[in-house]
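Here come two complexes built around chain A, the first alongside chain B, the second alongside chain C.
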Partner chain A sequence: MEPTIIGLSIKIVRRPVSQTKSFVMIEIKISNDFTKTPGARYYTDGPNSGEEFYDKLLKAKYLEAIGKGVKLTVDLDGTDGYASSFLNEAFSRLGNEFGAEEVNRNLIIISNEVPKYIKKVKDSIYEKREN
Partner chain B sequence: MQRLKYRVQKKYIIDSSFTFPHIPKKTVFIELEVPSIFKLQYQYVEAVLEFISKLKGFSKRHSSIGINILMNKVTDIGEGAIAMLLSVLEEFKEKRVLVRGNKPENKSAKDILEKSGFFKYVGGIVSDQNKVTKNTILKTGAKGTHQKVLAVEIRKAMETVWGIYGRNPCVYSTTVEMMRNSCDHAFKRPTNIKWHLAVTHDEGANLVKFSFVDNGKGIIRTFTEQSLLVRVLHYFKDTVDLLETAFTDGIESRTGLSWRGKGLPTIFENYTDGYIRNLVVICNDIYIDFDNNIKVKLKVPFNGTYYYWIVDKNCKKACFTN
Partner chain C sequence: MKKGRINFWVVCISFFAGALISYLFMQFEFLEVDPTVNVTESILSIITLIIGLYIAVALKKRQDKNQNLYNHLQSKLNLCWESFLSFSNQIEILDQIPITEINKQMKIADQKISPLKKIFLSFELDAKYVNDIEANIDNLEHQLINKSKISNNVVDYSIIKGSIISSIDKINESFANAFKNLNDII
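Right after this comes the complex of A and B.
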């Protein structure tokens, strides 16, 4: 039997991302949004420190994500690399300020280029800071 | 061990390869002979450190006495030793100590010296064939030296090794940890922070050598000056054991101390992961060559920290271009 060809007209409606909660994503791509050449721990260590990253970007984006009820994605790929002190300072501050468990639940770390950075970030989140 | 020779030279030397700052006429020079094998490999290191120690002894400016560094008898030279010498000369420059010196007569040694980037800082003529080179020596004059400069040199290194101008995050992090450590362990005041990083390309062998040196207190002296650590020094056999444990991230587990410093463990991790090879550390009176399992105390200490490592095709490939 010959198949019957039925003409179909499909209209694709793209809903704005803001109207669908599941599509909302807060993301930091450090290489684009902060620097390609991260520095060390403190402002006093020189430019692009972990402390500066936390103050200027990470904390604000985390609060934004929490406010919208979504997770924050931090993409570590694309930079020239990270000193341990950069990652430790930024993410231990985050964990200590907002609670390690909560931060762990609300954070997605992408690090395809150097996967071991993910563990360093997680360890830092759970590190108890003295101050 | 080769004996160092130095003697006062009363005549005014006209033929010299480098001088700084302006040398007044009738300056009397103290001659200091550089060891003929000027390399930091274990078998030659004590002669080099003895020379460096003697040289540092002349760090006080005298208006009519200068130092004449004789390199003419050098037959073999390494970029690490060149960076170490340069780091001392840079200190002299700041103190306006009068310095001059000559080049090796041996062509191979002279070429290595000329190509190293040494003459970018001390002045002097570089022959035309040695002017075109990817080799360089970076230095910091303040802690603000931007990592961008380092990032470019590492990309060039990856081009030599892998044929691709790209990022290597693990080599970058290794070097930033060393720079950071020089801030922590090297100097009393942040404004005094000085390090030199020599990057030497061997394009034929697809190999790049890195030599990092600071002239500060050194890791061990910093550790042993920290009152907290002094109390637990008995956990370690000796300072060699202490330094090795610091690299292998064992301070906390060995002593029970909360130990936040991850710089040295990160360097060691990048080495054990295979991103860098041939890691050598000289710090105070300790020499560690991890590849060759040499962990010894030196008779002549080095007041500072020196690292050497290479990246070549035997390393784990990490080279990103996007």
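Right after this comes the complex of A and C.
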């Protein structure tokens, strides 16, 4: 009886970059990218305000994440703490400008040191602002 | 090892002595001791003694467990209050405070209260008083940050100092209530 020969070929296909983008995230670590000592609500209150954070960093990074079709991660750990007005100003602006539901879908908040901040951010996103 | 063996004998001797004494008392009628042994009564007295011992040990264990939990919660609550008092003294003396200091102290307070709350919840204890403390501290932060004048990241609360002081009093009152009720909760 003659032996049967079986041929095996393996083809390695590289996944296109566009298909791997869901694994990439845009991240803001406030203590590294903005400040370790966040301020209050407005520019007029002093440096490192929530308004400044939104204008200079949060909005730009959010647009970048949306453009790439990925989520934006905001890491709140590593700072000396946040005034509620700082978080409220930055994230209520984001929610009002881009839509609360959409922002909520595209945003990941990390706050291991003070988990309470996550609720404050979520509440702010859904807060309606008067223009 | 030796200590364990001695304890064993002490317990055994005490047990039999207790059983004998209770038996003798049961036989004691008009100052006359009945020399016959009533088997049923003897067995009953031994069973009663064992049940009594079991209840005493169970109650003691429960009391020790509650005492440990009470001590733990009391020390945590105390630490939390001490930390808040040093911050509130600073607020009471001054009229202005950097916002970074408020943020820092609020973060510290939250990091002390959150674990306390978790302990209350995990032991299924009423966390009402801890929630009160947390809510009152949040209220103080709200007043300092949103009702005061802020310039160059320095909070000037001189105009609303009266209501700030009353908020601090409220927080101290909620700490006192938590201490007072810790005994009833556990």
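FYI, the second predicted complex is superposed on the first by the 112 of 131 C-alpha atoms of A that agree within 3 Å, B and C clash if a C-alpha of one lies under 4 Å from a C-alpha of the other, contacts with A are read in each partner's own complex, and residues count from 1 in each chain.
Definition applied: a residue touches a chain if its C-beta (ideal position, glycine included) is under 8 Å from a C-beta of that chain, and two chains touch if they have at least 3 such contacts.
Nothing here was measured: the structure is a model prediction, and the numbers come from that model.
Engineer: Could you check whether chain B and chain C clash or fit when both are placed on chain A?
Structural biologist: Here the two partners, once superposed via chain A, clash with each other.
Engineer: Based on the superposed arrangement, let me know which partner A:G78 touches: chain B (first), chain C (second), both, or neither?
Structural biologist: The answer is first: A:G78 touches chain B but not chain C.
Engineer: Should A:K119 be classified as contacting the first partner (chain B), the second (chain C), both, or neither?
Structural biologist: After superposition on chain A, A:K119 lies in contact with neither partner.
Engineer: Of the partners chain B and chain C, which touch A:T37 in the superposed model: first, second, both, neither?
Structural biologist: Both partners, chain B and chain C.
Engineer: Examine A:N48 and indicate which partner it touches, taking first as chain B and second as chain C; both and neither are also allowed.
Structural biologist: Touch status of A:N48: both partners.
Engineer: I'd like to know which partner A:K56 touches here: chain B for first, chain C for second, both or neither.
Structural biologist: neither
Engineer: Which chain A residues come up in both lists, the one for chain B and the one for chain C?
Structural biologist: Correct list for chain A: 37-41, 44-48, 79-85, 113-114, 116.
Engineer: Spell out the part of chain B that touches chain A in their complex, as residue ranges.
Structural biologist: Interface residues on the chain B side: 143-148, 150-151, 154, 167-173, 176-177, 179-180, 183, 190, 260, 262-263, 265-266, 269, 273, 318, 320, 322.
Engineer: Would you tell me which residues of chain A are touching chain B in their complex?
Structural biologist: Residue positions touching the partner: 36-41, 44-48, 77-85, 88, 113-114, 116, 127.
Engineer: Which stretch or stretches of chain C touch chain A in the complex?
Structural biologist: Contact set of chain C toward chain A: 99-100, 102-107, 110-111, 114, 138, 141-142, 145-146, 150-155.
Engineer: Quick one: which bits of chain A touch chain C in the complex? Just the residue numbers, please.
Structural biologist: Chain A reaches chain C through residues 37-41, 44-48, 79-85, 113-116.
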